[in-house]
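Each of the two complexes below includes subunit A, the first together with subunit B, the second together with subunit C.
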Partner chain A sequence: MSEALLQARGLHLAFGGVKAADGIDLDVLRGEFLAIIGPNGAGKTTFLNMATGYLRPQAGTIAYEGESILGLAPRAIVRRGIGRSFQLPQLFTEHTVLENVALAVAAREGVWSPLRPLLRPAWREEATEVLARFGLATLAGARADALNEGARKLTDIAMAVALKPRLLLMDEPTSGVAAAEKMAIVETLARVLRETGVTAVFVEHDMDVVERFADRVAVWSQGRIAALGPPGTVLADPAVQREVIGIEGPGAAAAGLPGGIAAGHA
Partner chain B sequence: MAGWLEQNALLLGLALLDGLAYAALVFMVAVGLNMVFGVLRIINIAHGSLFAIGGYAAASLGLFLAARGLPDWTGYVALVLAAALVGGILGPVIERGVLRRIYGHEQVLQLLVTFALFMILEDAQKLIWGVQPVSNDAPLRLLGTVDVPFGEDVIPFTAYQLFVLPGVALATLVGLAWFLRRTLTGRVIVAVTTDREAATAMGIDARRVFLLTFTFGAGLAALGGALASPTTTLVPGLGAATIVLSFAVVATAGLGQIEGAAISALLIGIGRSAAVYLAPEFEVVVPYLIMVAVLLVRPQGLFGVVETRRV
Partner chain C sequence: MRRGAEISLALLGVAGVLAAAWAAPWLRFVLTIALAKGIAVLGILLLLRAGQVSFGHALYLSSGAYVVAFLAPSLPEALLLLPLAALIAGLIGLVAGLFLARYRDIFFGMLNLAISMVFYSLLEKLYELTRGTDGIRVEPPRVAGLALTLEAYVWAMLLVALVLAVGFGMLVRAYLASPMGQALAGIKTRETRLEFMGVSARRVLLAAYVLSALMGGVAGAIVGMTTRHVTPLLAYWTTSGELVFIAILGGAGGALGPFLGAVTYELVRVYAAAAFAEAWQAILGVVLLLVILFAPGGLWGMLLGLLGRRPGRAP
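Now for the complex of A and B:
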């Protein structure tokens, strides 16, 4: 069960003098929900970008299901089964919610028949079914630019799920969502991902969400993984707490972790 | 005022009919230009040359078929066939050979490259068809004229310009609206126009969409030129005149829905014809006066949306 789906070894990437990845080693285990936390600029999104082909590491390897995906284009990585959702939902605003999801189904199927409708019965049915899982059925006919932020986030993730990934990387799935809606959204997406057997990695700033939904937490700091383990252990670590307070507290600029933190790989 | 209207009623009627036919042609070019820009993000200065080459190819093919003694109706087949050939060959050649290399580059470079392409196509056209006027009005004559009642008078007008040109433009408008709003390919084109990154992230092959859109736009321009060929004498410079006018239409409409391009083509087409009949010295500037007037009031164009784009 605890077999690695994604394996990153020795990832290095520097932008000018800034080390966004400074030796990242990480195994994402099949079936787990792995949360990534850490201050802004620690390299969390950079890691997602390297794993999905948007950035190429200067050194190191990334393997998915035992095969290297280094140097593959984002499109090719999507086709292998690694989905991605972005901090800002990438919806097609000219399309309805149903069409957005149907486009994802179409993209997955890769069918090219110029004059056939997008909403052909099979795709409409599948898209409707995906929306129902996310509790979005009533919004199917709404234009994507008319949605509130929570519905936009869920639609974005519904599109990612419609691509039938085995691994889904999500960049702050609840950012910009009203606090009251937050838990309901994470609950919905966690339920759907468990039902569909998708392994998930998500960047998250809300520690309540992390504690409740993550199987493991990885703490990012200055391009390194400073701590890794179950949320109960990792979040109780005083050094991590400082780190977390550094990002949550107003005015407390994250000065980065002191070197003394235990980098324990679980 | 009433006296002036009475005196010029016939001219106005003629300007309206002429303008409608002209607007139909301009629409075919402008809608393709608009689509290509929406998807590829490149302003293709050579787009008008495809109109010109479509016209020349249609006239030559029509004359060739007629010289072989083929029946007259094959002249109409020649129009469509020539447009399909020009669009189907030049479209992919230009997209694959030239444009693909400059996607995402600075706009200045893109403008220079498509301007160079425009000059090459203009010269190629002179090389093939020479600088002497070329004309084949057989498709126009074949359908004869219709007497259009206008008040107490009738205006004799060619059936080709009265029915065929607006008919094809209307069919293009309706067909394109259906294509973009219902079909998979159309929805993918709109998706790539809205957000190319997101479409690529989903696994959509944007390059294929670029090729298809450009070929389609090139085909529409060539079809416009082919349909125009029976109504005019083809001379060098047609491409330049066409692209400038299409820019005026696209700028007036804004990057809007295709219906917007149609309405703005009507506005500019009829405005221009009115000038031809009533104040010929202003013929050339009227389209731009309309454009400037619209842009002064609505900088994003009549139907343009500031924050999001539509095709």
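Now for the complex of A and C:
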């Protein structure tokens, strides 16, 4: 648990006047579950976007397994073993749930076979097995655009898991999932990832989930990491409670906008 | 899904074409052209799966036809001209596709149109080479080494077209069910996810584009050898439009759709042109309008609907 799988150093990225990343230094350790918390607009998703090649930082470096992945396309980064799930599920809406996951299996195994069907026995079996692990077996035949938000979210994560990444970046895996199912889902997810030895980074707003599943917590604030450490220590910090947890309360969403926070600290 | 039913329908179609051609000699020519266009429309169907419409596939149809026109005098053998036309059209498709696969939607459609119109202008202006709008006459080549009588040649062309139609229909059917075909459909709904799964959407589209160009070339070669007169009109944008028209008329849901559409299109055109010489294009327009309004799945979708409603049939 001491070796860094992903190493970010001095990441800077500004959109106009808004600094989405203002000197991010972070080591993601092999095998850990690292939670990223922080108000909306703090740059959490921007970090995931930079780590997966979707956005290129204006300064700084990112290394995975000791090699720079800066400037690589998302496609190339995925192939190296960094998977990604999305805050808004990115599904193939005209395909069934099974086909969505089978496409991910195909993407891993090689899609370039024009004559053999996607749902060949081996891939169908693997996709079915992945769906079963996520409790989605009964929805295998449903079209992806007919699912509720929770099931779409899980399918999205199942697709990322089917790629068998060594590092999985998840953007708010539990948002939109019914509160009653949330813990069970994270429980399942954590078990699947631990079994396969996947390192996970997840953006999360639910502090109960963070406390229970994260090995470490990184607190994002205005494009910087304000605090980093075990959840027990970090979440007990009064400043973190005021800045992050307080803001998570109902009706306080507007205060989380980047302009609001920047103004408050100016 | 419905594999048995689709095979039965295809066999029924083959039998129908042969019976019609045997009963009405003048239909042999019409059906050969329809089958050829059906093969070209299979290519349009592939691209439609990715949500892309090419308004320039006449480029590949005409490439195939001009390969025949240029090479038939020195290489008078249909069974060699066909693969050569496929190869050359496929190569043109590869070169154009490397550029075009970067674009989507209206840009994809219009750039296809632009490239095909450049080709059209070249065919028209390079008179020394192409004889401009006069076109090039094609002497009937040998088929499998045999110099045939005209009647036998017409039959041979129909049979060649029929065999190729069945072959490419099966190929496209398998392709659409394969990971490459399914990823193609993924381009339509969530292209970025493909990239985040490590798959190049451009290469997925390029592969389909080259296959579509190759089929266009084969179709053009059949048209060239059947009409035996190749003119730049085959490269004109109206020919591209015709292919898209047939794709929508036939329906993009299955590999039989393009052939259903092409046969219907050619027959309506022949009968409408004979009965209402001045208004046949209007009649085709109305037919298309009705299909779009009342049967968005095209004729193929209508047929499936009819079969599905029949009692005693599993859904």
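As a convention for this text, the second predicted complex is superposed on the first by the 246 of 266 C-alpha atoms of A that agree within 3 Å, B and C clash if a C-alpha of one lies under 4 Å from a C-alpha of the other, contacts with A are read in each partner's own complex, and residues count from 1 in each chain.
As a convention for this text, a contact is a pair of C-beta atoms (placed from the backbone, for glycine too) under 8 Å apart; a residue touches a chain by one contact, two chains touch by 3 or more.
The model shown is predicted, which means the values in this text are computed figures rather than measured ones.
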item: Superposed partners subunit B and subunit C on subunit A - clash or fit; value: clash
item: Partner chain in contact with A:F92 - subunit B first, subunit C second, else both or neither; value: both
item: Which superposed partner A:L118 touches (first subunit B, second subunit C, both, neither); value: both
item: Touched partner set for A:H12, first subunit B, second subunit C, both or neither; value: neither
item: First (subunit B), second (subunit C), both or neither touched by A:A107; value: both
item: Stretch of subunit B penetrating subunit C in the combined three-chain arrangement, among 5-13, 95-103 or 149-157; value: 95-103
item: Subunit A residues contacted in one complex by subunit B, in the other by subunit C; value: 74-75, 78-79, 84, 90-95, 99, 103-104, 106-108, 111-119, 159, 163
item: Subunit B residues touching subunit A - in the complex, by the definition given at the top; value: 179, 182-188, 190-191, 193-195, 197-205, 208, 212, 308, 310-311
item: Sites on subunit A touched by subunit B in the complex; value: 74-75, 78-79, 84, 86, 90-95, 99, 103-104, 106-108, 110-120, 145, 159, 163
item: In the complex, subunit A residues that touch subunit C; value: 52, 73-76, 78-79, 84, 90-95, 99, 102-104, 106-108, 111-119, 159, 163
item: Residue ranges of subunit C touching subunit A (in the complex, touch as defined); value: 171, 174-175, 177-183, 185-186, 188-190, 192-200, 204, 207, 211
